[in-house]
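One chain, chain A, links the two complexes that follow: it is found with chain B in the first and with chain C in the second.
So, the complex of A and B:
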């Protein structure tokens, strides 16, 4: 507890962080909200004193774009698939890691590695792995022999090469690659949180369960999962927030076209949409801001939903 | 269900580089009679919890056997042994209500033992009534007091009707008043269910007050087994004498000379038939009789009045402790400002111990109630009957 006469000291210590937050977080948020209501806003013109109409035109325009709904659909799909899958996988891996004694440190490090890698760089590696290289190099036979590692592995099982990400690939194939990549990328953080949670669970609960002859599955569902529920809620909520902001992973694999070569923008997401509005040949700051606010609204609603559900489900 | 431990040993591999193993429990042999409450008592690190966990099955014995009745359970998993265990911190599942906690062991039952929902509820409510928590069934553990949590833990252990109930330091997490209340409660529950119960404690008062029998342990070795009063009245060695009793026994360095016990120059008791030697002398605080020109002269330091009795604090050069505490009746008056106080010693409250081995040397009129096990020889079980016999002998001699 800080005594009141020392409070000014506390404020001084906090000042650097507060100043930075004000400049780079608080001001941009409010400015974005303001701009989203200004029709045809342009910062350069604004500096010269141009006045803009204050209305909802930006929102109306954004909601009329077909492209916007394509981006929204992609984003929602990725979220709804990857968050549960990665959470479940992370939970399983964390439980396994927690019960392994030898080399546990090493294994934890290995599982944490994706977290410290660059998502663009790893995306390019994934792109190479899923590639069907060589369509430019000649006969179809050559295509198979120079395929990426995934197609080679599939080939071992006698299955034909799948066109995952190249020209002519299907939406399903594209999404599969994205889901695998995003799940893989999301695992380490979730494993870290859940493992930490597991390690703080009192071992005596498990001893008590053992004395009572509890089966393994029951221990997992009735004891481990409920005891971990605060951490699970945390990784699910942060997972959804991260999922709605998905962008760099798609750039990593498909490049800035956000889709296979013959269908650019097929996998575009909400953040991609905002980015395109800002950096097209005729940038529209108002619409970008409106889209950002819509995204914010969606994240807010989903998070509140999450919190509401977890209040009922998260124990103690 | 009687519980028999036969040469039970637990050795933990060393964590140090020198490879020295830790013998937590060393060649334990004793029998817990059916339906009794047994206290495993000793300072921390004496192996009492390890023993409990081996009986429970959470830790495997390095060697030796454990029998429940005639069944050898040594290699059985905990769940097949039919034990109920109450953990030191209760280990109640925080996300379940009291009812769910108590039901949990029943819901695990499979095959023939499987119960219908109504049967489970009935049993849960019966056991909840027994420990008097039937009105708290819908609360979460975090909404209960320590004592209530303790009862829930006992209820959860009892609900599957275990053959043996095990309690690990059951009172250590309770405050002083609750502790007193709860130990009566444990005794009552144990009596009304008749389940053989083993509990572990480092608190001698706790063990003495509710146990039918106590097992005093030190460094993994049984020191003495017997009824609490017998162990208190006739400790087999200095460790047991020191460990039991509050206030603790007063210890002096002294000697036996020509059939008498001397503390310094004071001849405090006779020691017929014992060779001249240096000895350690223990005198219980209640073994002092205030008497003008009594046998033992002490320097008076302080008199503490406690209502019912008076605690006389004094010093003597030969005392092994900084102070000597004697408890005498409040009717005795000690003049203030006196420098010296003299006592006679009650012959059954003075014990002498070998200076080297610290083993008890029995004086005339003192009979051993327990024969310590020697490692090599196969020892007869010191079952409760023999203890009772010797007690009877002692009573006769006292008359």
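So, the complex of A and C:
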């Protein structure tokens, strides 16, 4: 490359990006860590010279909240269920899509559709599908006008109407709805990545297997999965990172109450906990920062664990 | 001789059996894919179906699969209830301004990283890439404090500036710029072409697909952003579409006027689908390299 005598020119090109990144990306990383150790921090008061005690109180408070562990449990459960389910389903769909010629492009487009949606807006559609009109208070005597389309569909298979998301619904029913919605939403990205991986697999391996008369199941587990393992690892890792940040899909279905009408906050997540600390009229920056750092720690550990496992299992 | 015909007969049987298995597998594969595709499509169908019904018809014990009388009234009502008009304009304004500014900043810095030599380039670039691993919530908390010190709440500034630069876009474009042979740059230098002119005449046209991907992802980001706008710009004059939609229809369960709600959802979803239909290639390419939603 040319040895430029005008180094300052490069810095002029970089200046706008660097200035913005310093203020809104680099500084926040250090500042959020600092705030998490300051008790009762408030930026406007801090500007006027108020000093705060530097201690671990914010972390202690967050860890004392029952609510925090409820959010942690919801987040972990959703992660542990939706990531494997959506990955396996996406793998199956990608392998099937890769094996067909006619209709392939049309089906690929359909499977990508959920990606280009607004997760709040389509969450409202899912709420409409699972909702029971007329059972707002869940009393036994109340007449149910419409059981909702989902209850009508499972009724065809002889299953009784379930109270999915209304007042008086169970935690299990709520979680089922969330898992279905999150998997529906997570499929397109995973299918896209896995199909891309399948299309770049060398056909020789399959030809060799055909000559040897290897069974389909064996071909799948011994050739397809190992060759795809880097993509599977990528999809699982990004899936876990995204899963730990689950928030707006729940706002989509349950609204800002984050739970059925009679139990607000039942389905709140880690990110929801952090934002609840900020949304109030007197935002608690310290506790929000402490919770965000705990979340970051968990994501870091899980990602490292994922990388460790994939190092042993992934064939590059 | 007899043996040979026996073997031929056996082989014929084997291949016929294989052909039957192959057809069966094909049928199973298609059946599975079509059922899954129908499940994927069902919410969209139900959204449109519900949005065209009257409330009475929607509440019928056995839901109708097609509206008896197609009603477009719900769309007008949805537009008014959620004041979707002003939400559209706000979102479009924020989306366009932040996309244009972001493209300028991204192109300039990607060019510096790809073509210019300066001390500490590699360390700086690695440092920027490292920030991509940090979850966004960490930035949001301090940025919320920063914008309240700046007194930026309820302005368009707060929706545009803090998340304007994305390290990922710089990375994406830099990779694209690096693929353009350096000889072109040297030839331009010999001819006395200025860096900016070279950037405008050669680099930008050659990396147009990446720039289009960035534009679409940025616009979709403005359209779908919820958390940050709700936190910092929740007044009527600056509210963005997702936040406005959620606020206008805050009850999701129980006795809700779903036809109107579904009409509103359909109106909000329509632009995304239009963009997808026309620019499918760029979206899918951008997404497969980013792994970031919106």
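Here is the rule we use: the second predicted complex is superposed on the first by the 281 of 316 C-alpha atoms of A that agree within 3 Å, B and C clash if a C-alpha of one lies under 4 Å from a C-alpha of the other, contacts with A are read in each partner's own complex, and residues count from 1 in each chain.
Just so we're on the same page, contacts are C-beta pairs under 8 Å (C-beta built on N, C-alpha and C of every residue); 3 or more make two chains touch, one makes a residue touch a chain.
Because the structure is predicted, anything quoted here is derived from the model rather than measured.
Of the two partner chains, chain C is the only one that A:93 touches; chain B does not reach it.
In the superposition on chain A, A:299 contacts chain C only, with no contact to chain B. In the superposed pair of complexes, A:47 makes contact with chain C only, with no contact to chain B. After overlaying the two complexes on the shared chain, residue contacts for A:205 are found with chain B alone; chain C is out of touch. Comparing chain B with chain C, the partner in contact with more residues of chain A is C.
Of the two partner chains placed around the shared chain by superposition, chain C is the only one that A:254 touches, whereas chain B remains out of contact. By the touch criterion stated above, A:152 is placed in contact with chain C alone, chain B being left untouched. Once the two complexes are laid over each other on the shared chain, residue contacts for A:226 go to chain B alone; chain C is not touched.
Touching chain C in their complex are the following residues of chain A: 1-4, 7, 9-11, 13-14, 16-18, 20-21, 23-29, 31-32, 35, 43-44, 47, 89, 92-93, 96-97, 99-100, 103, 107, 109-129, 131, 133-136, 145-147, 149, 152, 165-167, 184, 187, 189, 192-193, 196, 216, 234, 238, 241-242, 244-245, 247-248, 251-256, 260-261, 271, 274-275, 278-279, 283, 285, 288-289, 292-293, 295-296, 299.
Contacts from chain C toward chain A in the complex involve residues 25-26, 29-30, 32-34, 36-37, 39-44, 46-47, 50, 58-63, 104-106, 108-109, 111-113, 115-119, 121, 128, 131, 134-146, 148-149, 161-165, 167, 170, 182, 185-186, 189, 195, 220, 223-224, 226-227, 230-231, 242, 245-246, 249-256, 258, 261-262, 265, 268-269, 272-273, 275-276, 280, 283-284, 287-288, 291, 293. Contacts from chain A toward chain B in the complex involve residues 202, 204-205, 207-208, 210-215, 218, 222-223, 226-227, 229, 315-316. Put simply, chain B touches chain A in their complex at residues 56-58, 77-80, 83-85, 87, 89, 91, 93-96, 104-105, 108-109, 140, 142, 156, 160.
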